[in-house]
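What follows are several structures.
Look for chain A in each of the two complexes below; its partner is chain B in the first and chain C in the second.
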Partner chain A sequence: MSQEIVDAVSQYLTPNVPIKLISQGAEAVVFTTPVHPYCPSNEITKDSKPVQYIIKYRSPKKYRHPVIDKQLTKHRTLSESRLLGKLYLIEGLHVPKLIATDAYNGYIWQEFLGEDLPNDCGFSNLKNYLWMNAKDPYNDVVKDTLFKVGEQIGLLHINDYCHGDLTSSNIVLVRDTNGTNWIPYLIDFGLGSQSNMVEDKGVDLYVLERAIISTHSSFSDKYNDWLIEGFSSVYKKQGKGGVQKLNEVLKRFADVRMRGRKRSMIG
Partner chain B sequence: MQLPQFPGVNIEILLFQDVSNANDIRSKIAELPYAFIDARTICSVEQLMSAIYRVMIESKYNRLRTKSLHSEVLLALSPTSNIGEAFKKFGISDDTKNLIMIEINQDNDNSSLDKTVVNGEIVDFNDDNLQKNSDVNAIRKIYKIDQSVEFENISELSRATVNAIQLRGI
Partner chain C sequence: MVNLNTVEPRNGRDYYIALGLEGSANKLGVGVIKHPRLASMSGGDNSHNCEVEILSNIRDTYVTPPGEGFLPRDTARHHRNWVIRIIKQALEKAQIMDPRLDIDVICFTRGPGMGAPLHSVAIAARTCSLMWEVPLVGVNHCVGHIEMGREITKAKNPVVLYVSGGNTQVIAYSENRYRIFGETLDVAIGNCLDRFARTLKIPNAPSPGYNIEQLAKNCKNKDKLIELPYTVKGMDLSMSGILAYIDSLAKDLFRGNKKNKLIFDRETGEPKITVEDLCYSLQENLFAMLVEITERAMAHVNASQVLIVGGVGSNTRLQEMMGQMCKDRANGRVHATDERFCIDNGVMIAQAGLLQYRMGDYVKDLSETVVTQKFRTDEVYVSWRE
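== the complex of A and B ==
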């Protein structure tokens, strides 16, 4: 099955664009490539490897009617790209750069973010980063990083957008120019949407909290506190109205925590 | 120049400065097998190339909306789906001083690009030369980028234009 998808992508991209499969989900497969679709570049990253790009491909699903399949692929590819375009214009929010979209065929090209962490700790998403710091879990850099992650989520929510699948693997850390601190980027907006519903925001926070609890349970209390600190700081900057909104979201967050992500539909 | 996904297609791009015969070119634009773009509206190589990429994708999957690849480039640059408007905004006008000339050649034979059509000085098609001639305010206006959004540098503006080009009217 997955070889079939890789073959289809290779054919679409021609042999001039070599690809490497890095992730497969239910909806899409993700590849990296060193080839830019339209701006040839000889740029080199800090660790002197060629710059990579991300290709996200939504393959046709055989269990759907072909007509509906085409519509869904197009709709989802486009809405994810649109979201990236809109989020880019929000000041202070970090999302990957959109390079190209081919909605009919289900392709999105994005910039590649992150790097490999030292000592074989894996790719620089929040999950691996926290594991890397497990020996000294409460150091200042970790605190600063989590606070900034919270800020990113706050910025997203205060502008009435929701991520929909906010896990610690969907937060990628990029080193700042000095190389000491980390700048968090939110990735994978496949389930994202524009939403002013407190429920969606509460669920976002809950999903991330659960992700942290399940992977870093010994330190999760403090980690989650720092995240919420960063999250709140964004709202508090907005004055009284911001604080009011913040309390609404936090209250709902507490509700969601009590009952779980899915609301009971009984009655 | 070629795009990796379209090895059989040659793309020639020339940037002219101090063009003196804009009026002339405009009058016979229908006969010339090239695309002409007012360089004021282009702030980076990335902006123009992303439009050309979109044209090539649409051409391959039979989604062209205009009669030729060259007119499609202007439409692809535009944030709206109105062809006339795209020509008015990005196309050559009588007071055009800096001009971009594009030929997309799918037959893979030798380029028939006739540089003598334009009376002007050819300079390298690169970000520096494009930035020098671009009109940031006009670009913001064309792409309807809210005045409240601030850009620290041209590459941020360029990125916003790429977003608009990739997402328009699908």
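== the complex of A and C ==
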């Protein structure tokens, strides 16, 4: 991680906004800050820590041609902000709350989600969670969590939105009020879009399936089954029309998978 | 514990010699390599550091006229016509007097690739094996690329970007398999470049991609970029739409279709862009996508090293972009090889095959040597790594 990026962000945000680097994703650098851009920022959480917010910064990529880079940064930041705004209004769907955005410079200010998992297992995203449970991979809590993840994706798709980059790191788990079960939140909508095309939904599911297979290979079959179960349940609730739509999506999903399998040819 | 010394070298030697035969596409490659039998190899994860010595690396490419691709039938004929001569040359260069005594194993490409060319080379491999009484090993072409890249660059556990005429994959190792994290959903990057080269009618020698690279370097107007679709889908990408679009631009340019305002000036009717501009924009766009999915995979598996393999990997612009990406990541480092090892060759097949042979895994019956056009990278059980 180069200091240059952190310096650039500090300069942009001015010293009034203290930041702490928490992760460098592929596309963006993520910071936490206790400052809210327009509300009083001395709020306290339940366990009496100051409320944190996330600042997500898409840094300019030097490897890309500047024209492509500017266009992508603007496009992705803007579309992510728009999507977050719209998705937040959908009932039952969990996404982080958007606070502020600056599309031209690539900044998004949003609600902080998740926590650190026990036993140094890292941040509570689905990837670390499944790794934490690798010793007892098929317990009921895991099943319940994956089913709920599937439901979230189902809700997203049935409302004609696509995520575009579904991986186990892009799903954050938050404990429910009892503290026993986990509620999944979808994050990182940089490649998301509004689309009613079956193709996009099929590709979305395929990308997730592959991410699960490659990251959690030993247990992927069951995991994927549970995800699809949760996904289907949302459509099935919609009655006959829902089932028809579901079959279309699943059929295309199978098609995309076949296409992917065929992809090792000459070289 | 991985023990790479399970099989003794033949005839009481203290080194292994492997002959590799490659012919999955339009390149026919024969290579001979030597591994010393090191005590350090009997335990631990050292498969990236075999101290390989390359005794010979001979390649013959079937080149088609400009505007044409290589057809399976003709490529197979080329391989059949040349394979004996090339094997002889390779043995001579490696100073192997009697292959019956001096070769431990013959490795050939089992797939993936075009059926007919694969088949002709496999027949040559079987013949040599029976004639010299030397065991055979069938190798996955992609794994060959990866193992050769690791051996040359000494990268222990990198994320691999495998880019060639038929494959575009981002691969990372986990639990004895090279797992595919991202790949193309339709055509491969090399295929995309080759087909565009055909539209431009530029020569296929030494390779269409190389000629596009040279044209792109000569682009006079690098600040401006022709806008092309940017189609990254998670860790996967799609390139057929980009190809169709840039093809249509090139065709309009050649045909002098004045109605296309993107290419021809509205008033003067002069062309605003050149072939060089098209090549430059295409490369910038495609490679930005490749680097992006690689970065995504790196972030996903928490890796800091990248290895670029495959024919397109010899493109210096791609290596430069990957280098810039790695600079911005913690301990980021990019490993790349030159055209001797990037472009299909026999040495890489020998390297991967010899590793497999040293683990005691070789063909026991000739029926196991049937070639296959579809052979996924993650189907191979990688016994020589931990």
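One rule holds in what follows: the second predicted complex is superposed on the first by the 228 of 267 C-alpha atoms of A that agree within 3 Å, B and C clash if a C-alpha of one lies under 4 Å from a C-alpha of the other, contacts with A are read in each partner's own complex, and residues count from 1 in each chain.
Assume a residue touches a chain if its C-beta (ideal position, glycine included) is under 8 Å from a C-beta of that chain, and two chains touch if they have at least 3 such contacts.
Small disclaimer: the values here were computed from a predicted structure and weren't measured.
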Is it chain B or chain C that touches the larger share of residues in chain A? C
Per the contact definition in the header, classify A:118: touching chain B only (first), chain C only (second), both, or neither. neither
Could you say whether A:39 touches chain B, chain C, both of them, or neither, answering first, second, both or neither? first
Does the superposition put A:203 against chain B (first), chain C (second), both, or neither? second
Name the contact category of A:16: first (chain B only), second (chain C only), both, or neither. first
Give one of first, second, both or neither to describe whether A:92 is in contact with chain B, with chain C, with both, or with none. neither
Please indicate which partner A:67 is in contact with in the superposed arrangement: first for chain B, second for chain C, both, or neither. second
Based on the superposed arrangement, let me know which partner A:100 touches: chain B (first), chain C (second), both, or neither? first
Contacts for A:84 in the overlay, against chain B (first) and chain C (second): which applies, first, second, both or neither? first
Shared chain A contacts, counted only where both chain B and chain C touch the same residue: none
Contacting residues of chain C [partner chain A, same complex]: 24-25, 112-114, 141-142, 145, 162, 164-167, 169, 172, 174-175, 177, 179-186, 188, 190, 223-225, 230, 232-236, 284-285, 288, 291-292, 295-301, 310-311, 320-322, 324-325, 327-330, 344, 373-377
Which chain A residues qualify as touching chain C in the complex? 1-2, 5, 24-27, 59, 61-65, 67-68, 72, 127, 164-167, 169, 191, 203, 206-207, 210-211, 213-215, 217-218, 256, 259-267
Give the list of chain B residues in touch with chain A in this complex. 3-7, 45-46, 49-50, 52-54, 57, 61, 63, 145-146, 149-150, 159-160, 162-164, 166-167, 170
In their complex, what parts of chain A are in touch with chain B? 12-14, 16-17, 35-40, 74, 78, 81-82, 84-85, 88-89, 91, 97-105
